[in-house]
Amino acid sequence: MLSFESDYIQGAHEKILQRLTETNRESLSGYGSDRYCESAKAKIRQACDCEEAEVFFMTGGTQTNEIVIRTMLAPYEGVIAAKTGHVSTHEAGAIEYTGHKVLELPQHNGKLDAEEVREYLETYWADGNHEHMVFPGMVYISHPTEYGTLYSRSELEALSGVCRSYQIPLYLDGARLGYGLMSHETDVTLPIVAECCDVFYIGGTKVGALCGEAVVFTKRNIPKHFMTMVKQSGALLAKGRLLGIQFDTLFTGNLYYEISSHAIEMAEELKKLFREKGFRFYLDSPTNQQFVILENDLMERLQEEVAFSFWEKYDEDHTVVRFATSWSTTKEDIEQLRELLSNM
Amino acid sequence: MLSFESDYIQGAHEKILQRLTETNRESLSGYGSDRYCESAKAKIRQACDCEEAEVFFMTGGTQTNEIVIRTMLAPYEGVIAAKTGHVSTHEAGAIEYTGHKVLELPQHNGKLDAEEVREYLETYWADGNHEHMVFPGMVYISHPTEYGTLYSRSELEALSGVCRSYQIPLYLDGARLGYGLMSHETDVTLPIVAECCDVFYIGGTKVGALCGEAVVFTKRNIPKHFMTMVKQSGALLAKGRLLGIQFDTLFTGNLYYEISSHAIEMAEELKKLFREKGFRFYLDSPTNQQFVILENDLMERLQEEVAFSFWEKYDEDHTVVRFATSWSTTKEDIEQLRELLSNM
Amino acid sequence: MLSFESDYIQGAHEKILQRLTETNRESLSGYGSDRYCESAKAKIRQACDCEEAEVFFMTGGTQTNEIVIRTMLAPYEGVIAAKTGHVSTHEAGAIEYTGHKVLELPQHNGKLDAEEVREYLETYWADGNHEHMVFPGMVYISHPTEYGTLYSRSELEALSGVCRSYQIPLYLDGARLGYGLMSHETDVTLPIVAECCDVFYIGGTKVGALCGEAVVFTKRNIPKHFMTMVKQSGALLAKGRLLGIQFDTLFTGNLYYEISSHAIEMAEELKKLFREKGFRFYLDSPTNQQFVILENDLMERLQEEVAFSFWEKYDEDHTVVRFATSWSTTKEDIEQLRELLSNM
Amino acid sequence: MLSFESDYIQGAHEKILQRLTETNRESLSGYGSDRYCESAKAKIRQACDCEEAEVFFMTGGTQTNEIVIRTMLAPYEGVIAAKTGHVSTHEAGAIEYTGHKVLELPQHNGKLDAEEVREYLETYWADGNHEHMVFPGMVYISHPTEYGTLYSRSELEALSGVCRSYQIPLYLDGARLGYGLMSHETDVTLPIVAECCDVFYIGGTKVGALCGEAVVFTKRNIPKHFMTMVKQSGALLAKGRLLGIQFDTLFTGNLYYEISSHAIEMAEELKKLFREKGFRFYLDSPTNQQFVILENDLMERLQEEVAFSFWEKYDEDHTVVRFATSWSTTKEDIEQLRELLSNM
């Protein structure tokens, strides 16, 4: 069935499968100590224009958030996030499971506002009673956000400035970072991300890999004995090569950018199509996730022919649904959707 | 370089790569809800001869141990394990990280003794003060053990009997289960494992997969909302297909058994070779891990030509090292080793 | 210095000190197994008009919240609380430290609204994606709230009804329960609390004891091996008598009610005094905590003569402060305050 | 009934009750910020002859162990303890509950051997694989031990030396420290404890207080924001005065030493009595806990007349039991026991 359900509905970019096959019979040491991991790290450092970057590979987004956050926070600290942040809502309490509170602030199209973060920190430190409260120890943002929206360079710099003035790290969840970087409406580049953030991850699972996320610590700030804590969290792959080879492939040539860019082109087509057909959008997303408001009746008929995701109730008669494009979306998919919509 | 360093030095069995490639462009739902996961589960249920088995896929062994143990124990319970059990020593404290004590009992060639377990439980429950102590809530064994040794069917049944009489589950860590089942010196089959154990896992990472372990709950005893707790532990893959397709392939035909059997043949060759050359074994292992006692001097020369693993100091002049065969070991590897040893 | 800083500024009611002294040289077994604990539990059961109540003594409020919540929730569950709930803000992340999320809902004068709780639960269970979210597993309320306000009987019954229809327990934090029960503006009695709530605690620390809170499980629902989990949390006193004797004294005659009632009389005097002097209240509190809006200038002069608590900034020129009465407040304290205010 | 069941069977030394009564109506700030806490800390610093000591009061031993250990260890570290250490066996898994492994070493009359600790650390750091193992991050000892035995000054210095050479803290659990310091067979003083240990606690609960332990950090090494973590663990008393006044009293004059000394005199009498009557001791204890081997038959008759504690089975016909003296034991208690034994 035609599917825009998510950006992880298909396997991996063919070049990745090819490299896995080519290297399959090489005997390599385990736990990320192989040459492909080394090579991938070097390429990522270069792409970030950040010589001192320390890179570590993990298998998924929730795992990455959980481990980065718990290893960078002191026991008395929590992490600031938007109320709609992935760590706040859709990780089954993974952050709290590690013993840390998510300090939820209001969201604006999925984003944190630097001024509101500053006010929160100011008020917190002004309040004499803060020894009985959770210390704010980090700011978490997702880019693109859960609503497909993007921080501008100046917004990112503002958040970074607030974090620095309060000496807490800024962490960027880049599960879909490629799609953000290739958006037509962004002035943020990977080196800018590396400059503004103390730690972030480059998403692989949703951008062409079978699985895998590359965490980048940018300020020589990787937590001491990080690998042991990754092991302790059950997140250290024996065959680290599986992650190394994938990221080495994604960062060879411009593959990561190219496939991200393709997803953006497909998203632009999708937007155009929905607009032509007179649909309303829930918000304006410049990336690969598009949130469309459907009449419930139409939604029910449509979902018999094409897969998409329920997002939230809009009103009694309408629902917000998500259509996602990705590296694997084809022009034929868009055309097929056009026909379906025309017949509805 | 020639390598017997571990059983996870190469990628995956070619049939697995082939299936990943063939299915790559199918659009599938995420988080383990796809048809390949379903198919793999059905095949595993059949291989276990256990209709009611509930199967769940995870990416690695420590992760699996951590999640199975923490979700099956009450907060006041700990898990009994041999002092040399993987959970006791080589998982960076992953079990304690989840809040549970590993109750260490003596090991006998890596194995727990059913009578000693019974005595421990008897003494524990006889002691009036046990409300201030950790309740023994599970027995953990590995099969093969960390020393390559195996429980006999009657040993397994004895342990199972002790657990049932104290109403605590028996959990078997089968990271290398295939190699145990195909050993020349075992009377244990997969259905016997399923019958004796309340939960166990079938190792994929060390037996031909890129990554992946299949947890099997055998008594309709999967913890409530298990998937949510897997997510909470950061262990739920978005592309669950990666695990489903691999296990579906391993349990199509007799692939899992065949490649395990091959590793055992290679191990028998290896043992013969070391014996011929007059080497001593640290203990008698009937599976793919062989523990050889080397003179330190020879060890140093040898490791310039072939990779193997340091295990432990034997005495001032000797060291115990591990040579592991696997699904990927070739006759040529053995021959090359023969030549090397002949020239030492 | 004159102090209305909190309701825990003085030691204990004299009858408690007297009973501690009288019983001091009796040899008693430890860990709550003594006769005074038994007697206190029986008296509390009677006061609650709840024969099946199971009672357990702890030393403080945060400790009690932490242990009750973590032992009653499944690992995948969180606790619903008002954004201003004590567990949400002033316990240094104690609930999250045990691995559980506090699911914050809006507050209305410190209270949860039963309809909003119902909507939250409805939406949660309607949303197909809830396996990736924290399950709401309990509702926490404080009574009196952090703002001194009270639930009416019908509000309490409404919350209880919502909880029952979703089969999750209702937990009432009664750190200041006595002051709530003796308010002039309540129709809630201790038996009503016991009927509506699945578990609650009767505060001692703030109502005449040196330390101590009595947790009451009302529906034969005390978690299995609760004592062991209390020990595990470091909360089991060796000399359990210290808590038993205090609660036995508080629930002998009507002592707990009498001293609570006294605090309410003192609070009424305080309110009258502030009203007479033309001060504004931040909200209308019918219990022992009174929130007054002071000009910053006056506040600074006043705090040189009398202790009270900073609560929050009101606007640029005003601050909300708290004056608390308690079992230990005297008429002389009120008169002294009157003089101070007259001279300002 | 006559009782030697434990050293926490009676209330508190009368001077403590007297001071609690005298200070009862003073209005003091909460959470340990009062003048009695300050005064007690100053006196303890002086008694330790350690100007830079940082002192914190908690309510019980398990709580203290749990908080000290979890706040001083990194997430990847565990604590070395004797197999019979209190943290290893009788705290319901409190240390593991905080996420840390207790690394158990053999015990010798309840004590760790400095050489064995050194060997463990040497082997650990020599083993190349230690990134997959729990890092030893602290050494825990109890003094007196769970068997009433004592480290000599040189043994303590040896342990301290090992810890320093590996740069991990030495932590001494002094639940019964007074009885150790006043033993006839010790050359260890409080300043020596402060010199050798990085952190330790002075037990109050078992040495004359209603409750309370004084943690002493000796090397300006109190964990950052320790108070917040104490709050987070549910261990911060609102009425901190309860602990401050008690320790202030114990360290005024020589009260703590005098009452400890009295318990030792009583223990010497007890030993003499048992020896005279021809009983065997399980081991030679120079402190207030005496472990006597009783015929089961006699034991059963005896426990109808006097309370003592079951310790462990000795053989089929004999049992090891514990008789404890304390600050509250009287000569009459000993005489009464003499009569009982004479009539058996």
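Observations, loosely collected:
In order of appearance the chains are A, B, C and D, and numbering begins at 1 in each one.
To be clear about the criterion, contacts are C-beta pairs under 8 Å (C-beta built on N, C-alpha and C of every residue); 3 or more make two chains touch, one makes a residue touch a chain.
This structure is a prediction, so every number in the text was calculated from the model and none was measured.
Distance from the centre of subunit D peaks at A, each centre being the average of the chain's Cα atoms.
Centre-to-centre separation of subunit C and subunit D, using mean CA positions: 33 Å.
Subunit B and subunit C, compared by their mean Cα positions, are separated by 51 Å. Centroid to centroid, with C-alpha atoms defining each point, subunit B and subunit D lie 42 Å apart. Along subunit B, residues 75-76, 91-93, 97, 99, 131-132, 228-229, 231-232 each make contact with two or more other chains. In terms of which chains touch, the assembly is arranged so that all chains touch all other chains. By the touch criterion stated above, subunit D contacts subunit B in their complex at residues 75-76, 78, 89-93, 96-102, 104, 127-129, 131-134, 310. Interface residues of subunit B, counted against subunit A in their complex, comprise 1-3, 5-6, 8-12, 14, 17, 20-21, 23-30, 59-67, 91-94, 97, 205-206, 210-211, 228-229, 231-239, 241-242, 307, 328.
Chain contact summary for the complex, subunit A toward subunit D: residues 70-71, 74-76, 99, 131-132, 135, 224-225, 227-229, 231-232.
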